[in-house]
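You will see chain A twice below: alongside chain B first, and alongside chain C after that.
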Partner chain A sequence: METSCEDYICSEIDPEEVKNKLISKYPAKVGRKRSKQITINRIDEEKCVPEVMANVRTIPGIITQRGCSYAGCKGVVLGPTRDIINLTHGPIGCGFYSWLTRRNQTRPNGPEDHNFMPYCFSTDMQENEIIFGGEKKLKEAIQEAYDTFHPKAIAIFATCPVGLIGDDVHSVAREMKAKLGINVFGFSCEGYKGVSQSAGHHIANNGIFTHVVGLDDEIREGKYRINLLGEYNIGGDAFEIDRIFEDCGLTVVSTFSGNSSYDYFKNSHTADLNLIMCHRSINYVAEMMETKYGIPWIKVNFIGAEATAKSLRKIAQYYDEPELTDRVEEVIVKEMPEVEKVRAEVKARCEGKLAMLFVGGSRAHHYQELFKEIGMRTIAAGYEFAHRDDYEGRRVLPNIKVDADSRNIEELEIHPDPQRYQPRKSPEEISELEKTGFKFKDYEGMMTEMSNGTLVIDDINQYETEKLIEIFKPDIFCAGIKEKYAIQKSGIPMKQLHSYDSGGPYAGFRGAINFYREIDRMVNSKVWKYVKAPWQQNPELAATYAWD
Partner chain B sequence: MLLRHTTNKVADRHALTVNPAKTCQPIGAMYAALGVHSCLPHSHGSQGCCAYHRSTLTRHYKEPVMAGTSSFTEGASVFGGQANLVQAIDNIFTIYNPEVIAVHTTCLSETIGDDIAQIAAKARESGKIPEGRYVFHASTPSYVGSHVTGFAGMTRAMVDYFAEKCGKKRRQINIIPGYVEPSDMEEIKRIAKLMDIPAVVFPDTSNVLNGPQTGKYEMFPKGGVTIDQLKTTGDSMGTLGLGKLASGPAAHALDTKCKVPCQVLDLPIGIKATDRFVDALRSMAGVNVPDDINIERGRLLDVITDMHQYFFGKKVALIGDPDQLISLTEFLVSIDMWPIHIVTGTPGKKFEKRIRELTSEIPGPVNVKAGGDMFLWHQWIKNDPVDLMIGNTYVKYISRDEDIPLVRFGFPILDRAGHSYFPTVGYRGGIRLLEKILDVLLDRQDRDAPEESFELVM
Partner chain C sequence: MSNSVLKKKENYTPTTNACKLCTPLGASLVFKGISNAVPLLHGSQGCSTYIRRYVISHFKEPVDIASTNFSEETAIFGGGVNLNLALDNLRKQYNPEMIGIATTCLSETIGDDVAMFLKSYREQRIDQRLPEIIHVSTPSYRGTHMDGFHGAVQAVVEGLSNKDFDARSGHQLNIFPSMVSPADIRHLKDILKAFGISYAMLPDYSDRLDGALWSEYQTIQKGGTDISEIKNMKKARASVEFGKILEGGRSSGGKYLKDTFGVPCYSLGLPIGVRETDAFFKVLENLTGISTPDRFVSQRERLIDSFVDGHKYVSGIRAVVYGEEDLVVGMVSLLREIGIIPVLCASGGKSGLMEKTIETIVPEYQPLGISIRENVDFMDIEKQAADFSPDIFIGNSKGYTLSRRIGKPLVRIGFPVHDRIGGSRIRHLGYEGAQELFDRIVNTLIEKGQEKSEIGYTYI
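Let's turn to the complex of A and B:
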């Protein structure tokens, strides 16, 4: 039993053979496409990895786990903001399904602060509007929302039929903005745009940047002022990160968009530095803020205790002030003993176990850190809606061909703001930092941190999931709610890494402790031993008890 | 406060829905299709619809929910989804090998006007549907009706596509159980069996969405009505449709198509509606009601008489689906509770009239609305508070803010287990409902009682 994972993968199971098994049943055309989305990892001396085809159309009927553009825009990026009325323009379903289901937490500033997150707002389009147009109803709905709730801002989200019948949510937004005197803005995030949620992220980034960021130039207090991008406060992750930041003396101007507020977005352009957690969903805002306002961005990861410490040190290095550097070290020293205590305890029970992660656009990468910390190996991983750069690193960006589906998503042309563009660091300072190995606007991707011979699979489907389980029998599988119970019926624990099932936070130091304990609970649960009843394990009737 | 923006000032809203009490047709169609054995539901539209429906059903049942999607892109939305659907059918039969694919449409494919029957015929012609396999469909645009009518549409499609009349009557009854839990469908089958009546129950999600943990995943589990069974429904002695909205269309379609006489009854929730169900079953099949059923009925009655003091005069607010609310209102009134705020999100003219009739003897005003939302219902509760709320998981936010006990009932229940295992239909289901109601009411009394009147025996 005590073979290491390395041996397990390499000596007993040939990844090429696995790949062949995964695609052998497909119709020829499907097999050809899938074979480009299934790659065996090899890292060469220059840290280059093989190409993975990603961000391409889903194959109809394959049982994908992907969602749509609306889900990425309204559900993921803008849903967690508490004080904007997020109004879905469409039939009732889209608004209903994205109502409170992602476990984003929010903490209003007192009882008077707005909090619309427990609410679902929809125009509930009917056949009549599909035939005669829905703009009139949309305007009325905005008016009613304003009269009833008096929000600071209203965002409109277009669903599939809206685009088809030609309702112009942007012109309605402009008209109602002028009429009501509050900010009203629209998102053309119809579900058929793009190939996955990813298109919706991009659309959300464009909209929030165009309509909200930069509206308030007030510089709030704080010596080290940062934005945290791509952190959605699922299970309270952002609260834990905020706690650590506060301890370190860092001030969060705005989080995009966990525990977020319209007011925070408005002056987020006054921060010194943008930190990116989920590169896939939010890198556009970071890029645009850099171009327009001169705020540099760096990739961070607060999933995993070691990763958290590393990211904190990276932030300290950016500011390069002993006050902050010392404080960060003190915080790490203070936090780590408890982490290490639990880690040692859990590692003893989890070491050598195998994990697979198929989720998101960054989590399948980030959570490998946590598994590593308790001695578990990731033998296969992939994203649901990522692009090649999330797998292979941003170095491949110039080589990515833009296809028709991506070209339909607007790429904003951004220029430095004539008044407010102000580089936070001089070119000399940047080059000094870079000499020490500090990397700005870089993400090396998932594959460079995975072992050789591991499987990297983009947009994995139900069939491939079942095959992988059959072949590898991993100790834990991480994915989303749609995969969860099929995997568990196979006798393998499954942890949701979109919304975490329950529990959290898993970010930061305390989050790492929570995750170690959660994985320990799952992979060592007694329940899996009861699957076979005594009479199934031992079917023969003992002669002495048999009826005459 | 969680719902801090909800005030007691009720204003007319014509365009804005806040906190819906319904969702869209396709999810109901997907749920119904899962009640056919070896059937893979397929969503013809953007892949987000399919992802949302699968996620919501999965969270409600804590069970695998598989379905395919046509994954529309912008191109498909402009040029039509035929190529996507034909490819999907080919892939599904090649890779997953179900006996049948149940296609439902979405707002997207309906708006562009895809003709599913024609596309399926094309798939058949080009050999994408293997011999002995089926593709059937229901038209379920999201901008019409609600999840309940979507369920009704897919159930009706089972009749339209499969029911046959070969002329020789079979000693069996068709029971269309309505949009209820797998546990309820199982209970309806149990009651029929107790009465020795062979029944074809369709759809039937028992043993599909309340399956056991066996250590082996089966994409197509044991449960579900088979196509062969569906074919025989045209020769049955009669059809009982439970729930007008969810089961009426299929029951009437069978009558029209195969001349199978039908009765459409209320869902058998509570003593009176269950009485009508058992009585109709008895008359249709020409059997006597066995004593086992009388005992179950007597037990339900016994619980009511034993605990009547806790029910009497308690005000209740209900929110959910029309078929359920009608039977539930009748049940509550029959045990002298006072349902005073009743909302369904599903539109429909007859609902309000029926509820008014059922609640006519309740002292004081009764608020009822079809096509309403949870926001309005909450406002009514603020203006006229109740002792108990019955509704889905979203009601817990109101329950916490207003400090009013909640019994979870309906769809979706995302935060508790049990609904897929324990029925609320039939006499035994009635006992379970009463147990749940008593638990929350008596817990509340215990919590709020002054020390001197804290009771041991209740």
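Let's turn to the complex of A and C:
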């Protein structure tokens, strides 16, 4: 399905002009900053792309779609784990709003297996604690949670007031760990830390690596033992990926953190290979596991049938065993006919339509694959909380300027474990693989796979979103619940790629089929015929506007 | 089981599955109900993002709530600079008539003096035309979303009442409907119109949170109470304020207008069910001197007729009712009229007034075995609900897990309702609201019975 870059340019609209329109309404200083975050893509011969300013603080008063550090730590990374009690230390709002809202799915191993995901635990701080300190209440809350549920582990998440009033969640965690004899650990993920939820991902990675990974050294069964990192099992994505892995003969030691369990995390350092889906939220754990235990990591993508096949082949190439390579090919051959059948049918109705994706730290990239498979063109995309390497590729890492906001997030110093460090491949084997084009610890970023002339916009806000829609009139816009209804007000279907609009799975082969069908249903829904969009200046039509 | 308000023991702890939301959410809703107003939360951006996503998931409408985007430095050095920047940027992008600022836990904990920041903001821009800027203190560690809601109503009334002299005479009525659905607000307006009453309602988010598609992009959705109307509230002949708990408890917009400008304030229960709606209509009759228009008389007659038709399904049925205190009180009133026993009345609020207030509606609550509990979460509700063998749950979507576990159906009312479409169109108020609630409750019970039947009767 090769398509030349030039085909994708929306020829009648000049991207420079669009950019100017987007920033014209801002005060000069704001306009200057935004103009660095709005980039027109251009890939040169060396596959280099222009710089995008990313992971910088949002300007006050500009309505951002970003969340906070707490949301990234508790909501995103730790939230999907079923058997750790996640206790929010703070006033009630933070816990309430992160209560079962992300639609992560989980499948306990049996009726005895803990599943705390339907619960929301909070210390519900009151004024008294703000004034006199909340550590006492926190300890009581931990004790009560323990008495009621007897969990294997309890994690504490600090909200904005906690750090300010001087509550030390870590010392409370240590004390309660000693008292209860279960693992208790804290996260200083106060909402004001960092510039977005990205800071919270990093804090979560550090905590889970420090307090959980490596606690259980038993090497369990399985010939090809992998971890899947940055897959949160929204809408059952991880279940579909697990199904394919099982078919291929791959054993998942732990997923971080969709459908995960505390026990899997403890054991995850025994895997042969780490696979990264969402680079932004989880690359830290992969890096630390490599340094400490010698597990290499590779970037994969299971969003898109072609991408899934490509990622499976990459895994087979890593192991380089004919048995696995053959099995992977058999699975692809078995799965693809159904995918192709639906793809062809949907493509006939969707070909040439325009998509925009503004979501996450990986999804805006990964989902372009699925649109491409049904002939749709992505004309603008951006992340909510990513860093430059997610846009431009890891090659820019040495050049990223670390500002004060990121410096405040602790960078752990990791050394090889004296006993347990064991490189999974020898330097020779690695070099052999690399000669064939195989890439370890690499992510080329979103932009290298986007067409020339497309718009790349970091931390897009409500105002710019509306402007883009007005100018490009896309056929579908992908973002989250906050954007959904504003976009639909203008008569554009809007697909949520955070919660999937309660649909999914969209990963793997069956997921691709689901997605094709879903997009077909949305862009070709009859309802849009009844919406007179702002640019459809046709008075005769307006007069006949009616539901029939 | 004791029937007294069972308070959690002193210093007792974690809230598991809360039955309340945070204060700035309530304040944001009020600001959405004012024409050309933009809410601005002073604190971390996460608060406005979380609240937006929550409010949006219920109303299924765009909801812009700005933030002053605190960083670590702001948390240390104070939020004055961020507040100025946010106000400048909001004015430039949205050109609002009003900016409603609600503080968050963060700015409150560090002790930001927002009033002082605003004073100097205005002084520095003496030559510019500024929008109204109203500020309400809403730390989430003090009260629930209802306190944020009532606090914001009061702050807006106070902040705007003392402004410029308006030559117009006052309306007949100020109406403070409390946190009700857009459909409720529309119904109230319909009633007032039928009486020919001129009124100002605060807030009125019936359009902004349940609006039409756009023919052109709207930076601020149309609708909401005009600011000039709010400024004029002090000259009204009377105010009506819904909420018996509000009446007995905290300060409010209606009380402020009464104490400061001598505007008489009728504090009524939320008009849910016959009795409370009758009381509301009585006030309207007194104010206007005209009798209730025929169509409402007919609505009432049809409602009572349906009560008679349906009594066999509901009489003696046991319900668990939860949510905001005033909503629970209102529902108890309706449920008793139709013969349902609200065996457990629960709220995450803690006014200390729930039991006393429910006693005025159901004096025989003790012999009926009704338990009234404030300051509870869903864990407490679940523990206790099992003892009461309820037939039905009535409340917001957050009780679904519990109703599912106990195996009894849930009738969704109030906020949030994010597992059904039409949260903004649920009607609770007036005779028609009671009619809808009654029909839904009865049909839910019938459906449950029908599902259980092995034969599957189609004639019930």
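Brief remarks follow.
Throughout what follows, the second predicted complex is superposed on the first by the 521 of 548 C-alpha atoms of A that agree within 3 Å, B and C clash if a C-alpha of one lies under 4 Å from a C-alpha of the other, contacts with A are read in each partner's own complex, and residues count from 1 in each chain.
The rule is simple: a residue touches a chain if its C-beta (ideal position, glycine included) is under 8 Å from a C-beta of that chain, and two chains touch if they have at least 3 such contacts.
Quick caveat, the model's predicted, so the values are computed rather than measured.
Aligning the shared chain A places chain B and chain C in steric conflict. Look at A:Gly294: by the touch rule set out above, it reaches neither chain B nor chain C.
Once the two complexes are laid over each other on the shared chain, residue contacts for A:Glu144 go to chain B and to chain C alike. Contacts of A:Gly453 after superposition: neither chain B nor chain C is touched. Residues 25-27, 30, 57-71, 87, 90-99, 101, 118-127, 129-130, 137, 140-141, 144-145, 159-161, 163-165, 190-193, 195-197, 404-405, 408, 462-463, 466, 480-482, 484-486, 488-491, 531-532 of chain A lie at the contact with chain B in one complex and at the contact with chain C in the other.
Across the interface of their complex, chain B is touched by residues 25-27, 30, 57-71, 87, 90-101, 111, 114-116, 118-127, 129-130, 137-141, 143-145, 147-149, 159-161, 163-165, 190-197, 404-405, 408, 462-463, 466, 480-482, 484-491, 531-532 of chain A. Partner chain A is touched in their complex by these residues of chain C: 11-18, 20-25, 40, 43-54, 56-57, 60-75, 82-83, 85-90, 92-93, 104-106, 109-110, 139-142, 144, 211, 213-219, 348, 401. The part of chain B that touches chain A in the complex is made up of residues 1-5, 11, 13-20, 22-24, 26-27, 42, 45-49, 51-56, 58-59, 62-77, 84-85, 87-92, 94-96, 106-108, 111-112, 141-144, 146, 211, 213-219, 345, 375, 394, 397, 414.
Contact residues of chain A toward chain C in the complex are 25-27, 30, 57-71, 87, 90-99, 101, 118-127, 129-130, 136-137, 140-141, 144-145, 159-161, 163-165, 190-193, 195-197, 404-405, 408, 462-463, 466, 470, 480-482, 484-486, 488-491, 531-532, 534.
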